Every structure is written in C-alpha cells, then in structure tokens.
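Mind looking over this structure? Questions follow.
A, B, C, D and E label the chains in the order they appear, each numbered from 1.
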C-alpha cells in the first residue's frame, strides 16, 4: 500500500566509482517490479540506497512520504527506522549470522517490530512469534532445519533462510537482490510464487533484481533495465520484447551512452 | 588428460548430517560434466570431497592414480597437494580475500605452481605471472578492475574473479560450484563458453554444479543428478529427457527412496 | 665486558683493580631518588678509583644478587638487610660503610589511638613496607620481637602493604605503622608532625654498605676503601646528590660482624638465612 | 579472446606505490628510534653465548619445587582467584557498553567515540598503583579496594580489545539486521555480540588470567593473595618456593585457556 | 501453503536445552567462587559514598602537574620508547610462527599445538622479574636484559592473541588457497595474515604500549627509563610530578592508538 518513488538518484562510492548515475522511476503498490542489468550495473547499490543502507549522493527516494536520502543525510534515525520497518530486504549474499541457529536468524526478521528486547531470542521469544517464524521457515521448505546452525546449511538453504527472515518482517515493500540465484529451479519458482503471492494478497510493492530473463518475463509486471548505472529500459514506458531484453547485456559503449542520453531526456 | 573416478563415496558431517550417501561414477578426460540436484542434495559436499577439502567418510576418489580419500586419511600432505595442483576449483561463495586487490586474488591461483614464495605478491610476482594474471582477468572481462580491492566489487564481479583465479592455476580438472549463479545471462554464457573452450582445447575434465537446466542441457556432455545425497540420474547410463530433468527436483520421498535403491543396485 | 674475568686488565686504582668496575646500586630502600642523579656519583668514583666505572641503578635486590653471582657485577651498594640477604647466597666482601644518623625503625600510631603502650599492640593490625626492606620490614619485626617481646607471626597482624602503607595508616585502616626513618620524614612533610604519635623508637640500624664480589682481590678492596675514605667529602656529596637520605652521613671501614644484629632480625622475622646457606 | 598485452599493460596496477611524504617521515622517525634502541642494547652474539651457561645454576636452585608450604599457597590462590573473578566479571560487564561507544561502527557519534577511546586509554595509562591508592583512600584497605582496581584494569584492557574486535565485524550481517528497522540495541544483541562473542570470551579469560598474575596489587591494598607470596619468595631468594607458586598459577592459566577453547569451540 | 502448527511444533527447537551435568557442576563451582569473592569484599554503599570525598584531596595534590623536570621525563620516555620498540618488534616477529604452531587451523599437528600453547602460557606465567633475572644472569645488567624481557613478555601476549585471532579466521578463503595446492606457507602468507592483519596490528601496538607502561622492568635491570621515574615520583608522594609523567605516557599511548586506527582503516 506504500508507493516508492525514486528521483534522479546518483551514488558515488568513496573510491570514486560511479555506481548509479541518475535514476528515476515510480513504483505503484501491487506492482511486481523486476530489475535487470549486467554485473556491476548498479542494481545492488540502487536497492541498498532505497532502505538507506547506502546514502545516495544526490537525488531523493520517497517511501510513503519520507525521503530516505534526506533522512540519511540529516541522520534522522527515527525516520530511517520507520522506513526500514516497512521495507524488507533479501540480500544477494544472504548475510545470516552463521554461528546462530536457523530459527534465531528468522526471528531477527521481527526485530523492527518487537518492543521488548528480550523477545528477540529463540529461547525467550513469545510463543506466537516462534510459531510465526516456524511458519515462515516452512514456507521456504526448511522447517526441518530449524534447530541447526545457519553456517552448516548449503548455499541455497541459506538463501531461503534469508527469505524467511524477510517474510517474518511482514514488510510493505520488498527489496529482493537476486533472491533465487542459488536456488534450484523448482525452489526458485516456489520462492517467486511465494513473493508474488504476497504481493497480490497484501498489495505490496516488490523490487526484485534478477538475472534469469525467462523468470523475469514470466513474473514481472514491470521490467526495469540498468546499464552502467543508468536506467536504460522500463517496460512501463515502452513494452519490451525478448530481443530487447537480450540486448540489455550487450557491451556496446557508444550505443549505451546514446541510450543514456535519451533516457536522461525522457525522465527529466 | 586426467581421469576422475569416484567410488561409493559417503560423507557424514560431524553433526550427523548425511550429505552424500554413496555415490559412484567415472569421468573421462574432455567430458564436460554437469552436476544437478536440488538445494542441499550434496553437490557442494561431493565437489569438496574431490579435492580433499572435506574428507569423505568412506569410499575412494581417484584423481589420476592417487586416492584422495585415502591420502586425506593418512594425512599424506604431499599427495594431496599434488592432486590439488591439478584440480582447480570455483567456489559457490567466491571466497576471495576481500581486503586484497583483484589482481592479487587472481595471482593466488598460481600458488600451487610457483616455487619461490615471494613471487606470490602483486608487487613481487614475475612479469610473466602478472601478465598471465591480467590475461585471465581479461578473459572474464574484469581487466579494468585489476587495481581495485576485491571487497568493493559487485557479487557477479567477485564470482568472475574467482573464475580468473582458477584459470591462472591451469588445472587438469576443473570443479566449478555454481560458477554462473551470480552472473548476468550474457556473462554466464561467456563463462560457460570459456570453460568448455578450455575443456576442448586442453582436453580437461570438468565437473560443474548448476541450477540452470537450459544451460545444463546445452553444454553438458554428461548430466549427473543428485537427490538427498544419492546419485539418481546419469546421462551416461541412460539418456535424459527434459521431463526427467524437471522431475529431478520433485520432492517425492517414496519415489526417491525407490530410485536410490535402483541406483545403488546399478552402481554396485 | 660480560661473563668472565671481572673486568679485564689490572690497571685500575694504581694497578690493584681491574680497569673496569661494574657497579650496581640495588635501590637500598626501594627506589628512593631519581636514578639519573647517580651520574655524579659515577663520575666521582671513576675519578678517584681511576677505573671505567660502569654504573647500573637496579631497583631489585634479587637482581643485584643474581648479577654478582653470575659475574656480571663487581661492586654493589645496598642497605643492611640486603647485604645480609645477598651475602647469604653470594660470596661478597663488605668494604665501605655509610652510616646514616638516625636510620632506624619506629612504630607509630594515630594521635587519638587508644594504643598507649607497646603491650596494647597485641592482636592489632600493623602496616609494614615490602618484604625484605630493612627499616620497613626486617627492622620492625625484630623490634617487635626483640624489644617488645611480641611474636610477630602470631600475636600481631603484620601486613605488607608496600606503597599503600602511609595512606592506609592515615586513613585509619591499620592500628599501627612500622615506619622507617624516611617514612617518618614523609609523614612530617605531608601530614605534619601532629599526624602521628611515636609509640616505640627503635635503635639505630647498621650502615649501608659498599661491597665487592669475591672475585675482586683483597688489594683492590683495600685500595677502594683507602681512596674512598680519602675523598670522603666528595663521595658523600655525590651520594647526597643522588638521594637526600644520605644527608649528614659518614663513611667508615666496615666488617661483617656489624651485621650480626641484622641476621638476628631476619631470624626474628621468621626468615632463617642459614637454610639458604645450607642449600648453597 | 586472444590477449593484447599492450592494452592490458596500461590497466595493470603498478608494482609499487610510492608512500606519501608524511608516511615516509613517520617511517624514518620510527626506524631512527629503533636503531637507537638496538644500539643502546650493545648486543653482541658473543655476550649472549657466554651468558647462557650461567642460567643452569639458577634453574638448579629452583628445581625441585619446595612443596612444604603448598597448602598455604593453594588457599592463597583460591582467594586470589575469587577476587580476580569478581573484579574481572565486573570489568567485562562495564567494558561492553564502553566498547560499543568507542567503536567506529556502533558509536552514536564520532565525538562520543573519541572521548570514550581517550578515556579508556587514560584509564590504562594511570598505573595500577595509583588506582589502588585511590580506592584505599576512598574505601579503605581490603579486598574491595583490590577488586575495584582489578575492575578498572579490566576496563582498560577489555574496553580496547572489545572495541577493536567490534570494528572488525564484517558489515553484512549487521546491515541485514539494520534493514529490518531494528533499534541499535537489537542490532548489537543480534549481530554484534554473537559475531564478536568468541573473541570476547578469549579476551575476558585473558583478563582474568592477567588479574590473577598481577595480583600483587591485592597485597598492596592489604587483601593478601598469591601475589604477595610470590614476591616474598622472590625477594627472599626462595626460588624453589617461587617455582611452586608459579606452577600453581600456571595450572590456573592453563585451566582458563582450556575453558576458553571449549567455549569458543561451541560457538565459532 | 496453509501452515499446520501441529506438524511444525514437533520440529520447533526447544526453548532451553538442559546443559550437561558436567557443565552444571563447573558453573556451580564458578558461581561459588564468585559469591565468596563478593562476600569477601564487604562492599556496602555507605562505605563507598563516605570514601568518595577523600579522593578529592588526593587529586588536588596532583593538579596542576609539576613541569619542572619535564625535560628529564621527556628524554626518559624517548629512551623507554626506543627500548620498548626493539623489544616489541622482536617479540611480534617471534610470535608469528609461535601463533601459527599454536592455532587449531594452522598447526601441523595437535601435539605441536598443545605443546606450543602450554609453553606460551608458561612464558606468561613466569613473572617478568624472573625473566629479568634470567637475562641478567645470562648477559648482565643493562638495556639488553630489559629488551629481552620485553620480548619475552610480548611473545606471551601476542603469541596468545595472534593465535586466537587466527582460529577465528573464516575457513572459506583459506580453503580457496588450499584448493590451489599451495604449500602451508603460501596459505599463511596469502589467506591467514592478510585477514588477521588488522587485528595483529592492533595487538602489536597494544604490546608496545604495554611495554612502555610496564617499563619498570627496565629500571629493575638497571636500564633506567620512564618506569623508574614514575615509581620514584609515586613513592616520594610527588603526585604532581607523577601526573606529568602519566600525561606524557598517555600521549604516547594515544599516538600508538591513532597509528593503529590509521593502519587498520587502510586495510579493514
């Protein structure tokens, strides 16, 4: 139910890398959006700017009515926290706490919600919270692994624990960074189904970075393509053919510059 | 030019998890083999047993004429080292040294080969070694990033540095654990082409764990399927249809047990 | 230098001594003054003895003894308790005594203390300095046993408080304080003469002593004694520059029996040095 | 895919980077100090070889250890252990918030960080003896003063080492919890402490060991303990008794290391 | 995807796991010691409050610091720094191989590990005074004996902390280099040291700081230095001079911390 609106976001890392070079788009609630682009095109960076894990260099990102970029710059921790509670994230590299249990890692998803700090631990969480966490684990097919240590899971299993953690958070917006990269084809589809199911059910906003074009085309209500930090394709502006999609990954410098210029004109 | 032969390998982790439950197969030089199986089916574990990063609980793995399992159990470091020098590995989670440079990480690929320890560092490596490392980086399209710190690369870029490192090693056998999971479609194909090119060129042996069925079918000279630690499919024994491939990921316990039994009969 | 002969050719002090004498001051009473100020003493000694005078200010008697034992040091300046303790394990010869007037151990109490008589000390807490100190440990224990007839091990509670002794006494954490001469001086300087009441005043303690290792010849010892006494004024000035405690001191030829009272004190304090001598 | 060395050469990072002038100056100064230090030692190989013979005698004096006062020593060490335990536990608990304030990645702001760090450094710089005096003045002789001194000591040590470890925590898992909108407290409990825990256990047990070893301070404040016994044995040249005490302390140290290893094994 | 709590409940890990009997016993014993320690302290709030007033007087005596002998102190600290530097550098260099032998993941075998660990523990347990004694016996009074003592001290400290840090190194990157067939030496230089480097820098600089602070030992062996000055000032109740010295030492400590921070920033 929360719209997401990004305007002229640029991000330069301290070492000078221009990872995002001025990207703008709006996403409406219920719109399952898929972010495409070659390696290093700035997808992860853009997603991290959206919940304030990175501070965009310029531009604005509105989640509901809060400008994340401005809040970050003003160090307005309260506002950032409010945004983050509504925005769930699945990380490209899972980012579990390896030496804690699987259920514990899932329970961390509710950290933004619980008010009593002791409720964060497996052994002291409320019964409802534990049950909910078990349900989330079950939804990603890992209820059998609840008691194991996160580190001892296989790559794909860890990925799914990360997704369960996000599910427990019950966010309004979901940012998923290659959530199915390490999943087998069947689990990958199940996770996509799950994501899209909750998008529809609760009318959420999803931005999902992906490399699987087939899946992108099948699921995406909207496809956004990035290249070298620029937005170069948006199915909301102009429908996208499979050929164009494949074209996205061609490494043709001149052409890219040109597209970027056109794009800049279009969005400004 | 080195054959790989695996016989009745089982692996139980210290916590009791039976990750591989008795797998046997032979791979001939020049045979590009792809390992399929759902998350947690034991692919990574099996690959790690092959170069002795894990010690298989029972069974034998012959690389050339050395039994890795026996050598590990006897702690015969010389033999294990000899095997490892001939076996290159690409890791599912890249495993770079994050605070070192990209070129440095690639140079580590030649660690097994160089005899003079000081030649391992970017600033003291021989000119030839540095040039070779730059070439490997270029082959994965990252020559522009040679001087950067590994940690500051995007997920897919790090994956490719891991591949470059393996290339520099110039191994006889390549074990690749989901080498293209984090790569964009175009880079993914390029890497697969690269791998298969060197397989053909130098008549190498490749075992590559993958989740992308389309790619598996396109490239694989041979497909091996695992489920719950058992070998349940081998295109060398019986050609595999797309339907059967998809079937591999169905989570049907009874059927699996049955297949496993049949399989056990077949290989014993 | 190093392990070996005791200092090379015999060219020092007119041919009687080695050309290099390695001297250590063991911090006669803990570390009384700034080590740096011994430089004057060093140059005076070098001059009158006509030797290379290698000097080390060592703040621990154990180390000093070990250095003599291992032939790393030829000549040593120490307090009486240390002389006895070191002498019990290493062969040394006393050469020059430095008599310090008023150098003794005392027992003091706070002005309003209800301890009026030494007999009242029974069962009381007494603050001492650290183990092996002449005026702050061995001396007072001998005083308590010898003069007062109280068994220091069972009849009073003797506490080795080291550097906290004075603060603890003033704060009233102990009932009495075994104060050496310099502790009394400190009490006077810091808290005034009204801050304590003298309960027992002990007899004077033996002299500080300059001693030599057994490897130094008899002739050299005699030469040292003679030359130091001849230049008494200069040497005393240099010593005073190193430490105010040498104010008004005098030098004399010293013999081992002067320290028998110290040996008795050790025995009284419960440390039998004979044991050690037997073992060696 | 044929390499063009000319093109690559320009991208190859330089072998050596010239350090900046200020670094060169700093290095030169430090080398100067070092050289003067070496010079002052007048170390000649001859001197060292000649000396080694002397040691035998000293060791012979200490062996065999004199066990006549063993029981006394045993109780003294128990007593010391008790006080050290209380002091260290208190110090470790106080060090936790201090370390959080002093660490780059957990401090509320840089001023607080700087102030805390400098305070901890000051606490360390003020000698134990001064702290002991302060506590003797404040609360009188006895175990309490000793325990407080050990507590302060522990804060100086653990405050710094905890903080340094916290700064080394990889940012990934922390970001993951941050992204849930968790409070700083939740992040600390969920992602900072669990990751730093093994190291903190080791540091704390070292602090305990240090407290026991440096228990001379307990003697100074009139609390007795093993430190006084050892010092007395040493000043009185009773090397064989000293050896008994040292062996006793060594056993305690080994016990604490063993404990550290066991605890860490369970969580690393 | 509707959850069936009954099924899940059986998989939910228990809230609390009963610790084993032996653990319970160990914990009970430690608690017993702790309780006795607290009891022995006889801490009452009244006592503490009464005491605080006393401290003011003590502090008033120390402030303002007496700067008359500042120059002496300055040179004494330079001298101490030089000796401490040499001792610490030597100790750190020797600690590196020691730590490698003593660490679980780098030791050639468990016996070597055990022996090394216990030796390092013994080195720490033997008091500084005894080490000083040994070196005086061997090489005579003077800076050399002091420097050797500081070296030994550093080995006891760094040997343990380096080893503990090495054991915490995540196994991934180490496995990656191992897989290239590298020698243990290559792995150590390539994956162990670079990862542990920031921590080692911090530990080493702490060791240097420790050496400067504990430089009393230099006085004990007749090498002078700032430790003697401080102790003298304290015994003579010249608190204002002591304060001057403490401030000087504090500046050195801060300098070393600053240096540590800068070096670590560049590599973390």
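The working rule: a contact is a pair of C-beta atoms (placed from the backbone, for glycine too) under 8 Å apart; a residue touches a chain by one contact, two chains touch by 3 or more.
If you're wondering where the values come from, they're calculated on a predicted model, not measured in any experiment.
Q: Chains touching chain B and chain E alike, please list them.
A: Neighbours common to chain B and chain E are A, D.
Q: Hey, what chains does chain A share as contacts with chain D?
A: Correct list: B, E.
Q: Interface overlap for chain D and chain E, more than half of numbers shared or less than half: same or different?
A: Same: most residue numbers at the chain D-chain E interface appear in both copies.
Q: Looking at C-E and A-E, which pair shares more C-beta contacts?
A: Between the chain pairs C-E and A-E, C-E carries more contacts.
Q: Could you give the separation in Å between the centres of chain A and chain B, each centre being the mean of its C-alpha atoms?
A: 29
Q: Find the geometric centre of each of chain B and chain C from their Cα atoms only, then give the gap between the two centres in Å, rounded to an integer.
A: About 76 Å separates the centre of chain B from that of chain C.
Q: Using Cα averages as centroids, what's the distance between chain C and chain D in whole Å?
A: Result: the chain centres lie 36 Å from each other.
Q: Distance from the CA centroid of chain D to that of chain E, rounded to the nearest Å?
A: Their C-alpha centroids are separated by 3 Å.
Q: Pull out every residue in chain D that's touching 2 or more other chains.
A: Residues 47, 51, 54, 57-58, 129, 133, 137, 140, 142, 198, 234, 268.
Q: Note the residues in chain C that touch 2 or more other chains, in rising order.
A: Answer for chain C, listing residues that touch two or more other chains: 2-3, 60, 62, 66, 69-70, 163, 171.
Q: Please output the residue numbers of chain B that touch at least 2 other chains, ranges allowed.
A: Within chain B, residues 93 contact more than one other chain.
Q: Kindly provide every pair of chains that touch.
A: A-B, A-D, A-E, B-D, B-E, C-D, C-E, D-E
Q: Under the definition above, what is the set of chain E residues touching chain A in their complex?
A: 1, 3, 5, 7-9, 11-13, 15-16
Q: Residue numbers of chain C touching chain D in their complex, please.
A: That would be residues 2-4, 60-62, 65-66, 69-71, 85, 88-89, 130-132, 159-164, 167-168, 171-174, 271, 276, 279 of chain C.
Q: Where on chain E is chain B touching in the complex?
A: It comes out as residues 172-173, 175-183, 185-187, 189-191, 194-195, 197-198, 267-268.
Q: Taking the complex as given, what residues does chain E use to touch chain D?
A: For chain E paired with chain D, touching residues are 30, 33-34, 36-38, 40-43, 47-48, 50-52, 54-55, 57-58, 78-79, 81-86, 89, 117-118, 121-122, 124-127, 129-130, 133-134, 137-140, 142-144, 147, 160-161, 164-165, 167-168, 198-199, 202, 206, 209, 213, 230-231, 234, 242, 246, 249-250, 253-254, 257, 260, 264, 268.
Q: Tell me, which parts of chain D touch chain C in their complex?
A: 46-47, 50-51, 53-54, 57-58, 61, 129, 132-133, 136-137, 140-142, 219-222, 228, 231-232, 234-238
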